[in-house]
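Okay, so chain A shows up in both of these, paired with chain B first and chain C after.
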Partner chain A sequence: MSGGRLFKTYAVAYLLFLYAPIILLPIFAFNDGTIIAFPLQGFTTKWFEAMVSTPTLHTAVKNSLIIAVSSAVLATCLGIFTARAATRYNFPGKGGIAGLVMLPLVLPEIIVAVSLFGVLLGLGIPLTIWTVILGHVLICTPYAVAILNSAFQSLDRSLEEAAYDLGETRWSTFRLIILPLVAPGIVSSLLISFTISLDEFIIAFFLAGTEPTLPVYIFSQFRFPQSVPVIMALGTILVLLSIVLLTVAEYFRRRGIAKSGGKDTGGFL
Partner chain B sequence: MSSEGALHRLRRSEAANGLALISPPAIYAVLLLAAPLGLLFLYSFLKDGYLTIIWEFSLQNYIDAWGDPLVRTVMLRSLWVAMMVTLVTVVLAFPVAYFVSFHVQPSRKSMWLFLITIPFWTSYLIRVFLWKVILGFNGVINSGLIGLGIIDEPLTFILYNVNSVVITLAHAYAPFAILPIFVALEKIDRSLLEAGQDLGESQLMTFWRVTLPLAMPGVIASVLIVFIPTIGDYVTPQLLGGPEGRMVANLIQLQYLRLDNYPAGSAIAVSAMLMVTAISLIFLFLNRRFLRGPK
Partner chain C sequence: MSTPAPSLAKASEAERAARKPLIELENIQKYYGDYHALRGITATIRQGEFFSLLGPSGCGKTTLLRTIAGFEEVSSGILKIDGRSMDGVPANRRPTNMVFQSYAIFPHLSVEQNVGFGLRRDPRSAAEKDRAVQEALEMVGLKGYGKRAAHALSGGQRQRVALARALILKPKVLLLDEPLSALDKKMREQMQVELIKLQRQVGITFILVTHDQEEALVMSDRIAVMFEGQIAQLDDPETLYRLPKSRQVADFIGTMNFLPATIAAQTADGFDVDVAGLGRCHIGARQSPGAVTGEVSVGFRPETLTLLYEGQQATDRESPGVIEEVVYYGDMTYYDVKLDGVAVPVRLSMRNVFGRPVLDRGTRTRVAWSPGALVLFR
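Right after this comes the complex of A and B.
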């Protein structure tokens, strides 16, 4: 199979291209020089130490965590409603409503940001972390729906019918039968939404007002060359954190599909 | 009595259950997505007073926007960049999707897809910034090429222009292009390919006449899912574009946050969206024969 080997070489090269920036990140995070360029200057951990003594960074981290947790919970709740309705029931306008909920997946984020910004200012609502949450729920929900759809889709309808026959109500059936079966999907959706919100820049840039999130803080620091090495250190930690979160999310996603007996179609999308 | 019975039936009906269940996300999306988009559209026809909006309908914002050579240049450049990014991304992504679908053992496909998607979720801003490091004057590429003795002077055409924007965006959207193509390839019935070869077609011809047409729905989805968001990207042109690489999102941000001219910003945003929609529809129309497959 020389054709197969050729494709594999290409795929591995492609992966290297995808990971190139991420591989550079720790190199510069530990590099003892303020200029982010080659040649390297020697090993240091001072950029990591500098993070501890930057109060503005701590505020940004706190804001981002509040936003990411709230957005993840809200988006997953909306995702559960959408995925359950879409996989279990037929009703008029299903395609249209699902289309609207999924629209932010393809809409340029700047459009979402600008349109929400216009409405909030028009209504005189002050821009805080709560307005960022409103926007982030909007862009996290489509991903939550995509993950939860596959969890709900692989449910066996007869389990539910058996519960009804044995005298359970609709709500108790949902709580006792369906929820435990889709629980891994819910965990996966929470983690993915959290990761997306934590990383999102443009909506937070427009809607955060004077309460910067982590990406907004990072973006503002790019203007000052002397603070860039600290950002590299911060980025190294963020990348590690995202990889851990995503790995856990992927584990739960697969377990969820295995649990309800579905076939893995792979990937989050 | 009968109306009560009908109400009861309606409440128990599948349609009512489904609608009740989907109403929270539907209401959220209408209030925070559809209504704001409607308002954006409305703003684009109003007039800007200093820090207020004057309720006078006109097409003046559109006339001003399209009459301004700067806006026209930036719009066309955004379109061009988005098209180039889409082309590069999809062409580079197809062999990877093909490899994962046809040459990887089923048990390891998920792992490959997972590896491909990880970079997509991690620190978008920092990844974009690192491209500046890679492409920069003392960057990885220049110092590498000088070290190897291939060039004497650092290359300058790879940073702060359209090229750097295209490279960075193509990198950022790569996983987005792979997944839809992969899903389409997975759906292809492998016996069709065997049939093609049994009937005397070469491997290449089987690919051209069977695999590719069947994979087209995935390719079309990739094209749209890359093309539409890239045109509105803000960070990459801002950090890597330089003055020659600004795109439409930078223009919208300028009007909204710096000049406080919401109507003008809205007109540019609406124009950009209309262009994207028109091009996407034309693209779908040109490829309609691939989407009509037997179901």
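Right after this comes the complex of A and C.
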């Protein structure tokens, strides 16, 4: 076998291993049987119907959406401030502070979760979706900062000075020049943070109290064999949603590049 | 009545003297931490003047420009524009506008939106503002380009947009930070002429920062040559070229030959000097800008020397030598001639007039010169 063929086989096997399990999701979501095994038992949509009539699932989805949206917005706002400070100003301890902001990226999540859990309990703060948001902002912010740093870095400083020179104030310069030019970065940051928060399990598991998020709910349902197909149906919807989200993010990113006349240097798709 | 076409001729000395001072710099100092960027700049820039700050990179010329614009605060000293102290006045409230080296065209806006950006706070009606934008575009030769996306423009067009955007606010001073450095040679020469015309037309004071001595000579009414945070010489282009005050200035502007010399005697109107290879000659007081004694050097431009062909006589003085190098430029030929008794060759330039042959290397020759063209340096 030649090296080229070997490499091709490897590539195909790699892609199969990566995506075949995901293709199984919709297959078993429409399979008329509770056991996840071939042969298939026939076509049904009852698992999707079961989703509609499961109020605990609805609550979990609602919790997850509130948490993901809030975390994404908060982390992105913090990211904007941090990226702006990191790319424009010099101050003592800048390197150390930047390191601390990025640290949660490499900290084991279980450690973050357990320590936050301990602190919150110690302070007597009740565990609600707000404590989950707190934890998620902590882990989403480094990603937001990384994305926004590159957006702010590619801004020519004289653009800002030009607007200021033409009579604008610092704030209107930010609004009229900087924000529109880093908007693609902001959209990316929002979407990435949203996605990270939506499928985060460990922190949510520790800090959610009696209000489970979607991943926590899904995990708890695996104890009951009859609800596994429902999870498959739910998974199918989530995969579809992810594809839509990713497409939207990529559309905005490319439009942003075209608008500012920059060069395309990669992206998601 | 039509306005007369603006002339490219530089303002006469009388015209210049009649102009009112617009920018007054008094002992401007600027520190960045320990780094002393501006070391006591004192100068007056007059109304309607095309003024250049010329110097090598790192000499503080851009810092001085940014100080006038308000992007940098002075550490000490007084900066006045139109009689008003600029102390504590931020860039967005100064009567100055800037053309940036990178042009800083807003990439997400159209050409029109870029040019009209500064009018956002203008109380005039939208129609009037639009007319002003169209006029500004026409002035810089971009009529009909208004709807284009700014990022789709060429380098020269971006520059014009930047000019229109700055001039639309009718500033008292237009600051230009190396505006031509990103353009190719031909475009640069074309824009030099256009900038001069534009400046004459609008009558606004232009302050240009450049490291290109030719550009400064071509465009400016007056030039401040800067080295290491100080103004080494401030003069009109001709004086600067003919009577540089120091070897450093002479070296930076054009080509200058230097020969070692000794002062033999000081006379009522200058010096008697023994120059290596040229012999004893008299140099007038005007040609010795600095205080000089003992060991000095004498400088002269390549074009003040002439190669003598066989049978030709020098009108003033001549010295024998050997042609060491010939550089042919088409319209000009540069010769490096080793004068008898001098180690370093001197460079001279000859116009390639029809019928005059280009001489070969190694040719024994005579060089005609005049003491009137010599400048004495410490």
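Note that in this section the second predicted complex is superposed on the first by the 239 of 269 C-alpha atoms of A that agree within 3 Å, B and C clash if a C-alpha of one lies under 4 Å from a C-alpha of the other, contacts with A are read in each partner's own complex, and residues count from 1 in each chain.
Simple rule for what comes next: contacts are C-beta pairs under 8 Å (C-beta built on N, C-alpha and C of every residue); 3 or more make two chains touch, one makes a residue touch a chain.
Computed from a predicted model, the values in this text were never measured in an experiment.
Of the two partner chains placed around the shared chain by superposition, chain C is the only one that A:Leu159 touches, whereas chain B remains out of contact. After overlaying the two complexes on the shared chain, residue contacts for A:Ile218 are found with chain B alone; chain C is out of touch.
Put chain B and chain C next to each other and count what each touches on chain A; the higher total goes to B. Of the two partner chains placed around the shared chain by superposition, chain C is the only one that A:Glu168 touches, whereas chain B remains out of contact. Of the two partner chains placed around the shared chain by superposition, chain C is the only one that A:Ile177 touches, whereas chain B remains out of contact.
In the superposition on chain A, contact of A:Gly209 is made with neither chain B nor chain C. In the overlay built on the shared chain, the residue A:Gly122 is in contact with chain B alone; chain C does not reach it.
Annotation: chain A has no residue touching chain B in one complex and chain C in the other. Residue ranges on chain B touching chain A, taken from their complex, read 14-19, 21-26, 28-30, 32-37, 39-40, 43, 53, 92, 95-96, 98-100, 102-103, 109-110, 112-119, 121-127, 129-131, 133-134, 136-140, 143, 171, 174-176, 179-180, 182-183, 186, 203, 224-225, 228-229, 231-235, 239, 249, 252-253, 256-257, 262, 265-266, 269, 272-273, 276. Listed in rising order, the residues of chain C touching chain A in the complex are 69-71, 90-93, 96-98, 100-102, 104, 106-108, 117-118, 120-121, 149-152, 165-166, 169. Of all residues in chain A, only 1, 3-4, 7-8, 10-11, 14-15, 17-22, 24-25, 28, 35-39, 77-79, 81-82, 84-86, 88-94, 97-98, 100-101, 103-112, 114-119, 121-122, 134-135, 137-138, 141, 192, 195-196, 199, 201-202, 205-206, 215, 218-219, 222, 228, 231-232, 235, 238-239, 242-243, 246-247, 250, 254, 264-269 touch chain B in the complex they form.
Interface residues of chain A, counted against chain C in their complex, comprise 156, 158-159, 161-169, 177, 180-181, 259-262.
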